[in-house]
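Got a structure here, written out as structure tokens. Questions coming.
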Amino acid sequence: MFRRQEKTLVTILILGLVLGGTYALLALGLTLQYGISRIMNLAYGELTLAAAFVLVALFRATGLSPIAAIVMIAPAGYVVGWFLYAVMMRPLVARSGAGGRLEVDSILATFGLLFLIQGVLLVAFGSNFTSISYLDRGVSVFGVPVALNRLIAFAICVTAGGALVVALARTRWGLTLRAVAQTPGSAPLVGIDVNRVARQGFALGTALAATGGATIAMYQTFSANDGVIFTMKALVIVIMGGVGNVAGALAAGFALGLVETFVATAIDPGLTLAATFAIFLAVLLWRPQGLFGRG
Amino acid sequence: MTDISRRVTLRAIAICSTAAAALLAGPSGAQDDKVTIGYAVARTGPNATGAGITTIPNYELWVKTVNEAGGLAMPDGSRKMIEVVEYDNRSSNEDLVRAIERLASQDEVDLILPPWGTGSNLAVAPLFARFGYPQLAVTAVTDKAPEFVKRWDRSFWLLGGGHDYAKGLVDVLAAARDAGTINDKIAAVSVADGFGIDLINGARPAFEEAGFELVYDESYPLGTSDFAAILSEAQASGADSFVAFSYPPGSFGMTKTAQSMGYNPKVFYISVGGAFPIYPGIADGKAEGVMAIGGVDADSLAVQDYFARHTEIVGNPPDSWASAITYASLQILEQAVARVGLDHEALAAEISTGSFDTVVGEVKLEDNQLRDLWWVGQWQGGSFRAINPADRAGASEPMIPKPDW
Amino acid sequence: MTLLSIDNVTKRFGGLTAVDAVSFDIAEGEIMGLLGPNGSGKTTLVNLVSGDLSADGGRITLAGTTLTGRRPDQIARVGVARTFQLVRILPSLTLTENVMVPAVFGAKSHWGAAAHEVAQAALEQVGLARRASSNAGELTYIDQKRLELARALAAEPKLLLLDEWLAGLNPTELGEGVALIRSLADSGITILMVEHIMEAVRALCPRVAVMNSGRLIADEATEVALTDPHVIAAYLGEGEDA
Amino acid sequence: MKLILPVLALALLAAAPFALSDYGLGLLIGAVTYTTLASSWALFSGHTGYISLATVAFYGTGAYTVAVLNEALPYPLVLLAAALVGATMALVVGLSTLRLAGVYFVIFTFGLAELVRQLITWYEVNVTGTLGRYIFLDVTARGIYWQMLALGAVTIGLTALIHRSRLGLALRVIGDDEVVAAHSGIPLARTKLVAFVLSATILTLAGAIASPRWVYVEPAIVFNPTVSFLTVIMALLGGANRLWGPALGAVPLFLAFEWLSVKLPDTYPIFLGFLFIGVVFALPDGVLAGIERLRQRREGAG
């Protein structure tokens, strides 16, 4: 096991970070939706998948470069999220009041949405595995061969995630979002329109889901039944990073990528998912506020 | 409980039972000029992908072909049109079992076609046996087929067992090793479910017996989407042969990952999915030399004709492993019906003992199993051709080493 | 005879010491006020007594039984009942059920008719008996406060902790509230009340403890405390901190 | 008087297989299974409001226990073993997790089901070297139905008892406000644990009873997360905090599923999605509460 130790370490680092990039991007959107809009979105993975299918359809029909497609898909995701919130989530939020009601309602409603989107995807695209070949060639990073499309996906994640972290930390808009995320009850006292911010948060989350889905479509094979896997991974990371904590989601995403790669390489690929869940459960028990949360 | 809520409950119960009664009164029974054939396949859920590629298109293609010819031929020379009753089993065995009960006891269909997948076929086997229907299980790879035949004497197992495929692969690799083309090291991964475990359990002793060394041998969970770490380990292991007992998402993922990291083993073998028509597209047109489970005699006119009709009617070519066998199983059924009619007992006896002319050639079952199968195939010149058993008519020569991606 | 003894109790939140080595005793049957500016640690101290928070140091005993280190439900069964600064009722339960809860799970473990009787008596004591079968979620604010008090009473406690129970009442209600608390004190319950309304404190409590920044700065007769320069300074200083 | 109706209904249901086709029986088994699942889920979650998605972790464990032991032990002992395994697992899980609240508990339980599945898979692959297991038991569909019916009846009876007991009151208080519950003398951990273990034991038994119908068992088959989701939806649809609520959600929803998948095999997930969303919007507290509200309004108007 240790004969190639040094090389293995570098491999784990590089592959883990690249994998973690996608995870982080996926988790960012979910953490925004739950943190700011208080919606536990179980249909998140389906939204991700929908974007992936749209990218493939565009690529096949028009030959549009996936990177150009992402530039179009992300704002489209924002619009979809905006409408979803306005039409579906807002009435639930409005009637929920302060109790735990919204959690239950949002879980149920988005579970319905999960079926709905999955059904539409199945009718529209069938249940076959889908993938495209785009920049499939390898590039050597410190001696470790990595697919170019993954590196691009990684770059998109770092750019989108980094920009979001900076925007949340530095801008007035970000301050508003964070205020709502931390104390939704008292935000109106300082003149914040919580409904508008929640809608923005949800729309932004959907835009990130769409971006994540589109980047996944660049390098991974997927089918219309895979949504729940994405939701689950994103959930795990969100909890690990601390709900509503953007930087935490980024960090936890990378951490999970590293852990999975490490377990798969050094221990046993059969335990990769088990390790993910074990860590996740341990974090929940030990620090329910997340590894990077306060308190 | 308050008085109001009791009344409410009673009324709700009444409404529900009315609804249930309405639901139970299903379609009327079969008519004489028609043959009703039912199946419960996965339209949704995890099994939908496999069923959608291998099972459903062949059922539809066959029904269409038979009906266009005027219907299913009967022993008396008459023809009856096929009427299909189809349910979605939602990839759940509980739903599947109920759907089969419905087909048998409610719809009283004349024949039932099996679902996709090993687990599904086993789940319905007791029901087929209890209702007396012959079960022509195709998409079920199991080493226990002889046992099952004893248990359910009207069950037929047409796709062989894990050990068969594993041994076939070892044969191919041993021949190449003996010729000095590859070294005696093998890197193997297997998906952690019944199928993957069956194959790796069959392969381990066979590899050892043939003098190979398994330098990398790990299983990965169903649902794994990232193979970079696994392939990077396999690449570093020094083995000339990479063997994956995998399912489609994994087979595809490993192919793409191997391509992008420039992993070029002399033998690149994957399992389910490798013979799918979409595989060359997944491999970005570089499927040449990839080995996978199954295969067809690509030069056979019957197979070529079947591929052409499948492509024309379904819209895409069939997969080159279980699709042709699935279609052949339907032809077996069709010919058996033409000889003995729809009586289940006679039908089962005929399927068990008769010989049939199908797209995969002349077929005669041994002990209710199809043993005349292709174990290993390889992409050569744009088609997926069978390479093992090498001594069987129609086998192509293996191409080793595989050209670089 | 001493009922509640708070001995050198300390509670820290991160770097902040919310309660800093506080000690005082309350005698059986006494009604005592706990004063101090906002954030001085009063509610934290009440939470330490009721077991909502666990102390980092010191010891709290009730009639010789150590409370520190015990869970809230254990402390409740020893005979401590409380109200909350932000009123907490059980909205989906009826008034009777709300009040029955401590009777059922408290020290005496009443059940069935006995529990109903205790609940009914407590509801009568606070003037809510007429509405016993309506849902607690439908009550007005003042009635919710009454309900909360009735629930505390139904525990038949030795010690009652009132955390700003009189806050938010109008003058008429305040008069009723003061009378209600006095009647409780007369019935022999020992009461520790956190209160900001000086009028009520003067009327009810012969003795007060005053806290500031987590420390106990006075423990004396109410009239003395309210003219104590330390106490006045603490209250005046509040404007700068808040 | 109160007992006559349920007992009569139970007798009628028990006699139903003699009058029904195999498919009719299959439908009954499905309806009764989901009624049992939803009712036992509600036993813990209905009043406390802890939404557990671990249903399938227990249900699947029950099935797996049968698969492992069905050739080694006589059937009643297999069931007993399944109940013990379920109870032990619930005890361990409950002890470590019941202090999590809200969405954390939801996600934890979801993750738990996956963890159990992965660990069993890994164990079978690496230790026993087989993954699929066979259940060849001489249990007929009728046998399964009667067992499940009995379990369902016990569950509902137990729920009725609990509703009237201290435990039931304690659970309701916990659902409303845990702080008040604790300060009223309710031992939170023990109360929740008792209800959780009871609920999980029934869920495990349900899986054990249902499993012979599947013949072949592997983790991907028995740990199907849809079961967890459906159970929650059914219980909430009917009204999780009422005795007959889960049954009233489970039966129509199960039949609706069946009907939709027959009539609209391609598009049924879409309709199902609409159905769920519709339920959440139109019947926020479940069908029973919805009907009562409607009745009150009509009586108020008339």
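Each chain gets a letter, A, B, C and D, in the order it is written, and its residues are counted from 1.
One rule holds in what follows: contacts are C-beta pairs under 8 Å (C-beta built on N, C-alpha and C of every residue); 3 or more make two chains touch, one makes a residue touch a chain.
Predicted, not measured: the structure shown is a model, and the values here were computed from it.
Annotation of subunit A and subunit C: jointly contacted by D, touch as defined at the top. Centrality by Cα centroid goes to chain D. Distance between Cα centroids is largest for the pairing of subunit B with C. Work out the mean CA point of subunit C and of subunit D, and you get 42 Å between them.
The mean-CA centres of subunit B and subunit D are about 34 angstrom from one another, to the nearest whole unit.
Taking the mean of the C-alpha atoms as each chain's centre, subunit A and subunit B sit 35 Å apart. Taken residue by residue, subunit B touches two or more other chains at 43-46, 192, 219, 221, whereas all remaining positions touch fewer. The multi-chain contact residues of subunit C, meaning those touching 2 or more other chains, do not exist; every residue touches at most one other chain.
Multi-chain contact residues of subunit A (touching two or more other chains): 118, 122, 268, 270, 273-274. Every pair of chains meeting the contact definition is listed here: A-B, A-D, B-D, C-D.
If you check the complex, the residues on subunit D that touch subunit C are 166, 169-170, 172-173, 175-177, 179-188.
Those residues of subunit A that touch subunit D in the complex are listed here as 34, 40, 88, 91-92, 95, 100, 103-105, 107-109, 111-120, 122-123, 228, 232, 235-236, 239, 243, 268, 270-271, 273-274, 277-278, 280-281, 284-285, 288. Only residues 49, 51, 96-97, 100, 102-104, 106-108, 110-112, 114-115, 118-119, 121-122, 125-126, 225, 229, 232-233, 236, 266-281, 284 of subunit D touch subunit A when the two sit together in their complex.
Interface residues of subunit B facing subunit D in the complex, by the touch rule stated above, are 1, 4-5, 8-13, 15-16, 19-20, 23-24, 26, 43-46, 86-88, 90-95, 97-98, 101-102, 104-106, 118-119, 122-123, 125-126, 131, 151, 192-194, 196-197, 201, 219, 221-222. Within the complex formed with subunit D, the residues of subunit C that make contact are 50-52, 71-74, 76-77, 81-82, 84, 88-93, 97, 100-102, 104-107, 111, 151, 155.
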